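Okay, got some structures for you below.
Both complexes shown next keep chain A, but they swap its partner, so chain B is in the first and chain C is in the second.
And now, the complex of A and B:
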């Protein structure tokens, strides 16, 4: 599947096609078959949200406070505190996002304005192929290659800086698999997602705006900073939120490289975990109340993810309106 | 006209001021040009920085994966290394069989329904259609672990089917559905209206046009979307992790516990045996190669069909 949201692709033939179809397709057996399929799909999606929520209900009724603010996770009896997972999810996703957006913006600009047209399709295909590499492979790479490297080279180096202990944690207590490694691996993973959309958004900035600005004597960078990026701003925010949605939902890679320890702490070089990773790591052994608590974590994850992707789609749609007005 | 005459008058500037202006403008221009060059160079650096980890990943995957792949890798069942035989990892045939079985059953569950819904979205404009479109787009980005939770609650627990291949296929089917729905809708909408109108003008009923004209014209897009959905599902760990039971036999049966390639990676990556950690690279290489072949062939097929049509 192309990583570009359907809003950018679907043409405006929608109304035209529907107009005569609604007159003729309805009332034939064919319409009822299609309708049955649509209703089944609606049932599946309602079931998807409903079943997970229903399974988590005991936790919401009796231990909501513990889940949202509690620190410890004690199997199998409880209490099941979710603070470490919630904090870990936000911490790793935000750091990953900062990394991915800074590098991804530069990459998109370079792809659109520096790479010759003939090579651009090749690069686009490569980016999409890399987005197709399964997350478990990134996790494996992070665990077996990056983690030892972090432990031997990066961690000691980071600790030389002032205030290192406050940000990264005490030397000697840190691990190769840490929140920071999880953030880096996540950043690498969401980079293709971000680039795929931001490249698209930057490429459709109207040429006459760019030429007008060039004719006034602006340099290439002034054109990019003064015209291209502001015009594409909302779409770029959309890409950012989509990347954020991906990052929060990423499971097995984080499960492998974050260390898998439910400690509510903020030192980047200590092991931690995220909501999705914690579900993957503990679900196999979980019973009764713990399953309900993990389902409740799943509900939180769903809310985060759906929220981010709704914002993202709203922004990409706004971007189209902006371009139509220009 | 009076403006013209105003402009035609020679402007009187004293030489000193003119030189000063020229100096400042040249200075500013030089500065702007330098800033521009630096920033553009930084963008190029970003491109390189983003390529480095990905290139490294692929190279290391090849370097460490190729040596551990041999015939027994594909044909034998896994075994646990022991102190006497620390290198006896066996093969991963159960995971290969499991992955193929899982994606097969998931396709059977997801593709027919996904195509139906996609056609429904493309051919009608009801409130149901527009809300289903939003639902499909939201589900397409949903974290895959949630599919695992859904399959566990519904198939494993409520239907009491247990940890089986069919539970994993159900999770993967839920994952694939929105992707197929979206790509089918795009493919069906992409069929030119002139084709539809020609069919209707010949007196064909609308469902005949839809089934005999529109669907055949859209089939390449639908197939491409389905293949891409399969290639995404085959690499997913999180949904199957919770529900397939991790079987150690080469079983094709839907109601048996099975294993899968990504699951094998997840479980053996932290193994205490170096031989098992080494073997995992081979599994990852096979998985990535399979996914690349699937998505590249889907892409090439789609572009060839496009050329034929043009």
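And now, the complex of A and C:
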């Protein structure tokens, strides 16, 4: 087992490292301690994923269709339809993502190129501090500060727009907690994640590409639009998918501000729920088949997150390759 | 030209050098108050290759980058003295920085085509930055400048291919074509062959010799043989005792290498230091 990650080793060194790793050095006690730790970790991981799958197996075997497409969730007997949670998760995450990407891209570009160097680190640190705020705090803020304001001001205003009923639901039925509020809170929560990564992706665009475009008579805005963002594109998508993974997995804040109602509908001003929030709100009273159904939702969420994270990592790696070829 | 410091050098060669493209008068560049290069006074003759030579730290690249105002973006950078392009002061005169850079192009040390653009898009990128959208115009400029950079024949059939597929030497010629597409008056080259193999280097050198009929070339090079081979005029810079680079001598390349006025120039060109 190599002690040095393969991608950090250049060809010449590789043989030396292999030799070092395979050398029959005398193995002292800490070798076995570390090895035991690694084996334990592998076992826990396998056991963790395995038991979740195992517990959800009854649902996958007998009610897979209901879980993926069913509309009602009736405790404790069933049926346990997951459509409302799946739709709520995707709906809130995607809206949050759009908000975060639009605001975040501007923030990242500003941090790297527009604000004075001395302020740059301060702003970047502040953004990263926001990422460290526990989600319960965001949830509380959404519930106690944003929700009343949404109900009294924002929702009536939104309902005046054309097609408002189709998008937001019939007026007069607004609630403070809603899918829209969940989307907004989620958007604010994933913003630091997106900015932290997209800032780095933008910052590593090689200086000589920027100078080359300046030397062709490009304005600063043209440099950003025509060279920096296209060069950083794949990495920015990577940042987007990581933010998406964070949004779909977010639990406590959504549980507080989404309304917690398992209605399969898409009207943004109506209460709804997400997979993670629904699990958190429901598991306390669940028994038997309902536990299996919740576990199955958990598996679904896990797969979704695995997928987004894998895509994100793949894209960040591709970005590195693009820059290497410059 | 009597009031300038190295005026003698300018005067001796002025007769054979013809018209002037750029004039440097007491040019100095400093970063946060620390002088990096100073006392640079000489004329860049039109349609000739002028090389800037000198050991590391003598301020060659710093001086070159002052000529198209690339220091503008560096916090704390200050350029003093006068740099005239066709008589216009490029820092204080009636010329915007973007316009200046279309007239004074630049080729960098490392070939730096835009990685997300095709060969074609790279060549016409400067024109697009400057608002030219007509396909016929872009097509024509692309062909003309790729031909001028001796690259047309090898890329004609794959203009839409990513520029990163080209070899290092081809990428550098693409960068030259990209700069030529703007039809600049002056082309700045910052050690353009230092990242290339000898054969690619030779091709770039041949290219410079043919290009000087249409564009004035100023090249920074570490390679003395290169300066002797390709340049017509030569400025020798050296780091002074306070670690600031300064102009030691400016003359025709022939004089700098065979009959310099300053003994330090001779020592350097003979390889006694640097």
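Just so it is clear, the second predicted complex is superposed on the first by the 298 of 326 C-alpha atoms of A that agree within 3 Å, B and C clash if a C-alpha of one lies under 4 Å from a C-alpha of the other, contacts with A are read in each partner's own complex, and residues count from 1 in each chain.
Here is the rule we go by: a residue touches a chain if its C-beta (ideal position, glycine included) is under 8 Å from a C-beta of that chain, and two chains touch if they have at least 3 such contacts.
Predicted model, so just to flag it, every value in this text is computed and none were measured.
After overlaying the two complexes on the shared chain, residue contacts for A:81 are found with neither chain B nor chain C. When the two complexes are overlaid on their common chain A, residue A:219 makes contact with chain B and with chain C alike. When the two structures are aligned on the shared chain, A:313 is found in touch with chain B, with no touch to chain C. Look at A:169: by the touch rule set out above, it reaches neither chain B nor chain C.
In the superposed pair of complexes, A:235 makes contact with neither chain B nor chain C. In the superposition on chain A, contact is made by A:44 with chain B only, not with chain C.
Residue contacts after overlaying the shared chain place A:52 against chain B, while chain C stays out of touching range. When the two complexes are overlaid on their common chain A, residue A:208 makes contact with chain C while staying clear of chain B.
Across the superposed pair, chain B and chain C both touch chain A at residues 219, 222. Chain A meets chain C in the complex at residues 116-117, 206, 208-209, 211-219, 222, 226-227, 230-231, 233, 322-323, 325-326. Chain contact summary for the complex, chain A toward chain B: residues 1, 5-6, 9-11, 13-22, 24-26, 28-31, 33-42, 44-45, 47-48, 51-52, 54-55, 102-107, 109-111, 113-114, 125, 128-130, 132-141, 143-145, 188, 191-192, 195, 219-222, 224-225, 242, 245-246, 248-252, 255-256, 276, 279-280, 283-284, 294-295, 298, 301-302, 305-306, 309-310, 313.
Note for the complex: chain B touches chain A at residues 32-33, 35-37, 39-40, 42-47, 49-50, 53-54, 57, 60-61, 113, 116-117, 119-126, 128-129, 132-133, 135-150, 152-154, 158, 174, 177, 179, 181-183, 185-186, 189-190, 193, 196, 200, 205-207, 210-211, 225, 228-229, 231-232, 235-238, 241-242, 262, 265-266, 269-270, 277, 280-281, 284, 287-288, 291-292, 295-296, 299. Within the complex formed with chain A, the chain C residues making contact are 68, 70, 73, 75, 98-99, 101-102, 105-106, 108-110, 112-117, 125-126, 128-130, 164, 175, 178-179, 182.
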